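In what comes next, chain A is part of two complexes: it sits with chain B in the first one and with chain C in the second one.
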Partner chain A sequence: MDVHVDGKRIEVEPGTTALEAARAAGSYVPTLCFDDRLAPFGACRVCMVGVEGAPAPAASCTTPCTEDMHIDTTDETARRIAGATVELVMSELPAPPAEHTELAEVARFFDIDEPRWQGEQHERDLDERHPYLVMQHEMCISCGRCIRACDEIQGAFALTATGRGFEANITAGLDSGFANSTCVSCGACADTCPTDAITEHTLLEVAQSGVGEGEVA
Partner chain B sequence: MSDRFEKTTSTTCGYCGVGCRLEAHRADGHVVSISPAMDGPANKGHTCLKGRFAHQFARSRDRLTAPLVRESGSFRLATWDEALARIADGLGGIKAGHGPDAIAGLASSRATNEDCYLMQRMMRAAIGTHNIDNCSRVCHSPTSFALRKSFGLSGATGSFDDIEAAEVALLIGVNPTQGHPVVGARIKQAALDGLKLITADPRRIELADYGEIHLANRPGTNAALANGLAHVLIRDGLVDEAFIESRTEGFDSVAELVGAYTPEAVEEITGVPAADVERAAHIFGEADRACILWGLGVTEHRYGSEVVRLLCNMALMTGNVGRPGAALLPLRGQNNVQGSSDMGALPDTFTDYRPVTDDEITSSFERRWGVEMKREIGMKIPEMFDAAVEGKLKAMYIFGEDVAQTDPNTEHVIEALESLEFLVCQDIFETETTKYADVILPASSFLEKTGTFTNAERRVQLVEAAADPPGSALTDFEILRRVSSALGHEMDYETPSDVMDEIAEMTPRYAGLSHERMGRHGQQWPVTADGADSPILYTESFELPGGKARFAPLPYTPPGDEADEEFPLILVTGRRLEHYNAGTMTRRTANLDLMPSDWLEIHPDDATSLGLTDDEVVKVRSRRGQIELPVKVTSRIEPGHVFTAFHFPEVRTNLLVGDSADVNTSCPEYKVVAVSVERTGAARPVGERVDAGREQVPA
Partner chain C sequence: MATVSHNLTQILTGEEEAAPPTALDVLKQAVEERGVLTDEDRRRAAELSGLPEAAVYGVSSFYDDLQQPRGKRHVSVCTGTACWASDFGAHVDDARSRFGLELGQRSDDGEVSLGETVCLGFCHTAAAVRDGGLVDAGPGSVERAVIGSDREAPEPEAGSMLDEPVLTTTGTYAGLHRALASGDAEALLAEVKAANVRGRGGAGFPAGLKWEFARKASGADKAIVVNGDEGDPGSYIDKYLMEQQPELLIEGMALAGFAVGARRGFVFVRSEYPRSMPILREAVEAARRDGHLGENIDGSGFSFDIDVAEGAGSYVVGEETALLNSLMGLRGTVNARPPFPAERGWHGKPTVVNNVETLCNIPYIATHGAEPYAGLSPDGTPGTKLICLNDRFQRPGVYEVRFGTPMEEICNEVGGGLVDEREIKAVQIGGPLGGILPVTRLEARFDFDDLAEEGCMVGHGSILAFDDRTDIRALARHLLAFGAHESCGKCFPCRIGLQRGLEMVERPGEIDRDRLEVLLETLELGSLCAHGGGMPAPIRSLIAHFPDELGVSA
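Up next is the complex of A and B:
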């Protein structure tokens, strides 16, 4: 069927999402909770686009294309909602995300520097018990990518979402660390994490722009 | 994303035969992190804890960084010139005095195709012998043998993508979530998505929990199980008569043979309930698309090659070959098990399994290399050790293999190594084997070299250097060139890519292989001259005379070892997720923190009758030797059986394994060893770190 992205007409298979259509048309849509390897989740609201005739902007990763749909990736309302969401997420972090992370990349796209809101911030919470993997809980933005990578790529089912609201975070096993969970140390969680909330010991050492107070080993 | 790193190199994993494509990130001159390539055909953006994390071994302080030569009983550092002169003298003298067949070489299934090709050329052209073999002898040689007999070519009939395309997969003698983790993850995801699994293994493997049915047949009874399944398939009309008629030969003799393998008779032999044999056969036979996957639990048996042929029978009678979702997929153990044999590092064949006894083939290589070669086949690995002990074999050149650790009947292997007059080892570490060397050459790891590996789906993939070899260590390509030159035979290649060009030129089925063409996705052989490759084999015809596949009527015969009063339990050996083969690499990484030591798995019933609880150290005795290690009680193993891995040299599991081997290929029977288990009174928690050392005294 035919859809229109930013005025460009393209043909897509039924079942294609608005995000896939936008990418196929060569339009950039920022994402945070999205990973090609995982089923679309629609949690972060960063991939918002305008859809002609729709009452409000839609999350493009979970919106299926319909015949003759008109998608506007530069829709102002969509951009404003997405930018504000990223800014809110950033406002909870004790330090800006490392330069190479997807969150930093998305923040650059929305031109977010210092968040306007100065509410409560997470405190550094480092778990270094695993020989390779490190958790920096304060950087978790609850996008669910690690949990889904663990379930949908590896099938270890070792990670779980915990807490609500500001307390929302992730945990391995029954809060017992990777080693005492069903974790098989495949590292898919660290690989997909957009903030380095899960990363590797060696990468923390390499990181040029360390998080926290530069206390990383 | 790559700002953090000096350089990111796309390469292919050097661990198991899955062939994950990796991105190796370098900072400060060495590899600091590895991530999966998103477009890797086998791994699709995933990798396991070995491929991703276990790379510190390459920076280990134990790395060999200069040649070592033996002098009055110990090793001293030497220059390359000295080491090469010593090799030229040693091998040259033995060749002059005893003839070239007094020398034998081993290539490595961890090395690249180009390295293996150079190694076999050096043995054949510089030394003048066909005494060249590789470690696939001890793992998948039965697979290669059987696939060639049944279908024509030595490799998987399809690709890993066939797993997701299948309705049913039969997994026999393979534990992918431990041994081949990325394919294991793919199978698990496919099962969660509706793929029906039939698992057959003496242990209840993890994937059994995601399957339709698990068949816990006794070790060594795979043939009876396969014939029993065939019996039900034929009896209940679940066969594809059109396929049998048009594409195969010899079905009637199989139908006749399996008549006796009623589910009840099979239950008697295998211990699998008759009803389960019936149900498994129906799940398999009623599917439109079924795959069969197997591993060393099929091959490392006295009749391993015959069982592979029986699996081929099942695929043939149900028409499950040569279509998407209908593939036979042997899971290869090492990164280049497929390639080392494809390259002709075998005593009887040149590249693509073309026999040295074929005058035309041998002549073509004679012309290419400017030498004369024999038309008689050389020695296989076990024959080399026997000949060394008898005094007929005087020298060996062992490249990237630790035979004193990984081959069966360890005492015999060591006696063979001690009997040699001259031994050259080319490796990245000192090993159990290098203790007997006269010259040790410092080689390169997969992160430091260029070439190709061929994965378990026949996919030839690029390996590119992400770091430099340490010290004065060299790439294996460079070492083999220099050694060959010192032996008087120049191998004029500028780069490994030139070697691949020669392989393609000399081998019709690899005609289109080239480093340039394979790019990021590799090429699955056969590859025609225009570069077209073959994800699925036998879509139209089989590669045997007449184009038809061959059924094999082969009966069940008991394994080479059996439990008796003195040795009442059957030991099965295998792999664990955290470690890789002899552990040379993984035990030099933090994977050792994840799994610090080995244990013996035993069923609660056997543990109770022996009065054993977790962590108690036991003495495991076989007809060959004894080892000591702590036990873990688990109902994942059947009563009457025990299990351990072979990753820890201090445990020396292979001391227990005898001489029993596959009847066709001499692949050792690692999977059936009668043992006794006795209390020692000592205890050591499973998972406690044990310092390496040959004389292991439990705490």
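Up next is the complex of A and C:
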């Protein structure tokens, strides 16, 4: 079928999502909970786009294309909501995300530096029980990518979402750490994490000891 | 079905007969029996349900009913909006001081624990207190709970403004047997579509269309799931129907099954209504005995049977995809749609999820047809609607009214005005996601379109009066505290935004109107479901009608 992205007509297979169509057309749509190796989840609401004829912007990752659909990735309302959402996300973290993370990249796209929201932030909670997989719970934004990577890529089912509302987070096994779970230490979770809430020990140590890329180079 | 992951739901979906119990069932039972949850309980839940251990941990951290430790006696005070509107939370403070416990705390000797429940459905006689399986309500309920002499609260008055009630009358199963005798499921579906039955659970989606999607969906095994998770604080309509008119509901379910081609039904009842599940189970048993349910009903070739399941304390589970997750024993979080349940719902099967009252309308249509149904409300949406009034009214209770009845008539004639010679300041209609109508706008008619013009909605049909003592800023705080507590935590705008909204109104001083507007828009347009999407509605009403009392900047 034919769809139009930012005025450009492209042909897509039935079942293609608006996000896939936008990317195929070469348009940039920011995302946080999306990973093209995983099924779309629809949680972060950052991939909002305008759809002609629709009453409100749509989350492009979970919106299937329809014949002759007109997608506007620069829709003003969609951008405003997505930007406000990213600012909310930044406000729940006790520290800004590391420069190289996807979240930092998306925040730069929306020009968000210091979030204007004051209020409760995640409490620092470092889990270093595993030899090299480290969880920094305070950096978790509940995008579910680690859980889905564990389930969908590795089939290890070692991770879960916990709590609800603002208290939502992640954990391994029976909140027993990676080592006491069905984790097979594949690192898929750390690989997909957009905030370094899960990372590999050595890298974290490097970051914490202040050894930057420049010095290594 | 990306609730947690495709693979996780596959584990469950693969089970043709979803061997009971679910993980949630096992966990609930452990808390009820011993007041605590151990890793041993979680491992056993994993083993019996087939869920991975981590997923079971996730379930155990989600639901209010699984929060523990609990004492030998577990007492919960109602923190719903009707109880709040009655004494602005004085009963909660009273319980904390008399028990000497904070909410969520257990006494050192393990004898008693104190918790909160958002709406026990005794809004006609606040304040409500639950002690184990017993709900006491009305003046003195906290005192009685403290000394252990609590008594069963009186059930609400019920009545109809129609000469021949449709919803406040005992069901006869005549519509079901008539439909089965005709043998024409397509004709029944066409009649329900023609009747334009709008869903009574909040969204107002036409039931006939939902049925048609499910009928056309591929797959021989389909399900009818009743949303009896009436979590809207201030609403006790579905409670009334499930407990007082279960025959109407059972008949409506069987008719839905016949029209759609489903042979099994589930009623998902909220656990905050301890009487509903046993009453429904008894009514289902009676219906089987009397030949209204079971194999080959009336020799028609149509078979249908019903299971009754109970929730575990979560408002968002009233959203249909979250409800199906909960019914399968998973975390009650919302899934993005499509796929819609009509295509892929309970264990991946085409599933109709209908509200209790919606289905209670069907027997009338099956018996009398779409035209008389439309005639019930000559100036409004077809059919009738149950409303319920909180205890600020002189005559609180459940009433059947015609669509289009002026709000003024509902408040002053049906409800008889307020008690204690108080004046109405405003009414919230349809639940916590419904707008708030100030007393100056009571000429508005009670119907979908009319209320939408006022920034309000029919919603669940509750009409909750706030009297002239009500502090508007405190009301905003009450509503947003509920919203933040009940967010399922999946989509970012709702998960973080409702917390930030609560903080904005909690912080002393003027509220920055521009910031609040940004937040409300982000919630409305960005949220995944109606919880985050709907919470701004009452706040917008307060901004529009009570800006000074709310304390927003100009």
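The definition used in the following text is that the second predicted complex is superposed on the first by the 207 of 217 C-alpha atoms of A that agree within 3 Å, B and C clash if a C-alpha of one lies under 4 Å from a C-alpha of the other, contacts with A are read in each partner's own complex, and residues count from 1 in each chain.
Definition applied: contacts are C-beta pairs under 8 Å (C-beta built on N, C-alpha and C of every residue); 3 or more make two chains touch, one makes a residue touch a chain.
Keep in mind it's a predicted model, so treat the numbers as computed, not measured.
Asker: Could you tell me whether chain B and chain C fit or clash when both sit on chain A in the superposition?
Answerer: Superposition check on chain A shows chain B and chain C fit without a clash.
Asker: Check the residue A:117 against both partner chains and state whether it touches chain B (first), chain C (second), both, or neither.
Answerer: Touch status of A:117: second partner only.
Asker: For A:43 in the superposed arrangement: first (chain B), second (chain C), both or neither?
Answerer: In the superposition, A:43 touches chain C alone.
Asker: Applying the document's definition of touch, where does A:108 land relative to chain B and chain C: first, second, both, or neither?
Answerer: A:108 contacts neither chain B nor chain C.
Asker: Per the contact definition in the header, classify A:9: touching chain B only (first), chain C only (second), both, or neither.
Answerer: neither
Asker: Have a look at where A:200 lands relative to chain B and chain C in the superposition and call it first, second, both or neither.
Answerer: A:200 sits against chain B, while chain C stays out of touch.
Asker: Which holds for A:155: it touches chain B only (first), chain C only (second), both, or neither?
Answerer: both
Asker: For the superposed arrangement, I'd like the angle with vertex at the C-alpha centre of chain A and ends at chain B and chain C, nearest 10 degrees.
Answerer: One gets 120 degrees for this angle.
Asker: Who touches more of chain A, chain B or chain C?
Answerer: Higher number of touched chain A residues: C.
Asker: Looking at the overlay, does A:184 come into contact with chain B only (first), chain C only (second), both, or neither?
Answerer: So A:184 only meets chain B here.
Asker: Quick one: is A:92 in contact with chain B, with chain C, with both, or with neither? Answer first, second, both or neither.
Answerer: second
Asker: With the two structures laid over each other on chain A, which partner does A:167 touch: chain B (first), chain C (second), both, or neither?
Answerer: second
Asker: Of all C-alpha distances between chain B and chain C after superposition, which is the least, in Å?
Answerer: 6
Asker: Take the contacts of chain A with chain B and those with chain C, and give the residues found in both.
Answerer: In the superposed arrangement, which is not itself an observed complex, chain A uses residues 152, 155 for both chain B and chain C.
Asker: Note which residues of chain A are touching chain B in the complex, please.
Answerer: 36-37, 99-100, 131-132, 152-155, 179, 184-188, 191, 200, 202-203, 205-208
Asker: Quick one: in the complex, what on chain C touches chain A?
Answerer: Per the touch definition, chain C meets chain A at residues 2, 4-8, 39, 42-43, 52-58, 61-62, 314, 331, 333, 335-338, 484-493, 495-500, 503, 515, 518-519, 521-522, 525-528.
Asker: Per the contact definition, I'd like the list of chain B residues that touch chain A in the complex.
Answerer: 1-5, 27, 32-33, 35-36, 38, 44-49, 52-53, 177, 181, 185, 188-189, 192, 577-578, 590-591, 593-594
Asker: Touching residues of chain A toward chain C in the complex: what are they?
Answerer: 32, 38-46, 48, 56-57, 59, 62, 64, 77, 80-82, 84-85, 88-89, 91-92, 116-120, 141-142, 144, 147-148, 151-152, 155, 157-168, 171-176, 181-182
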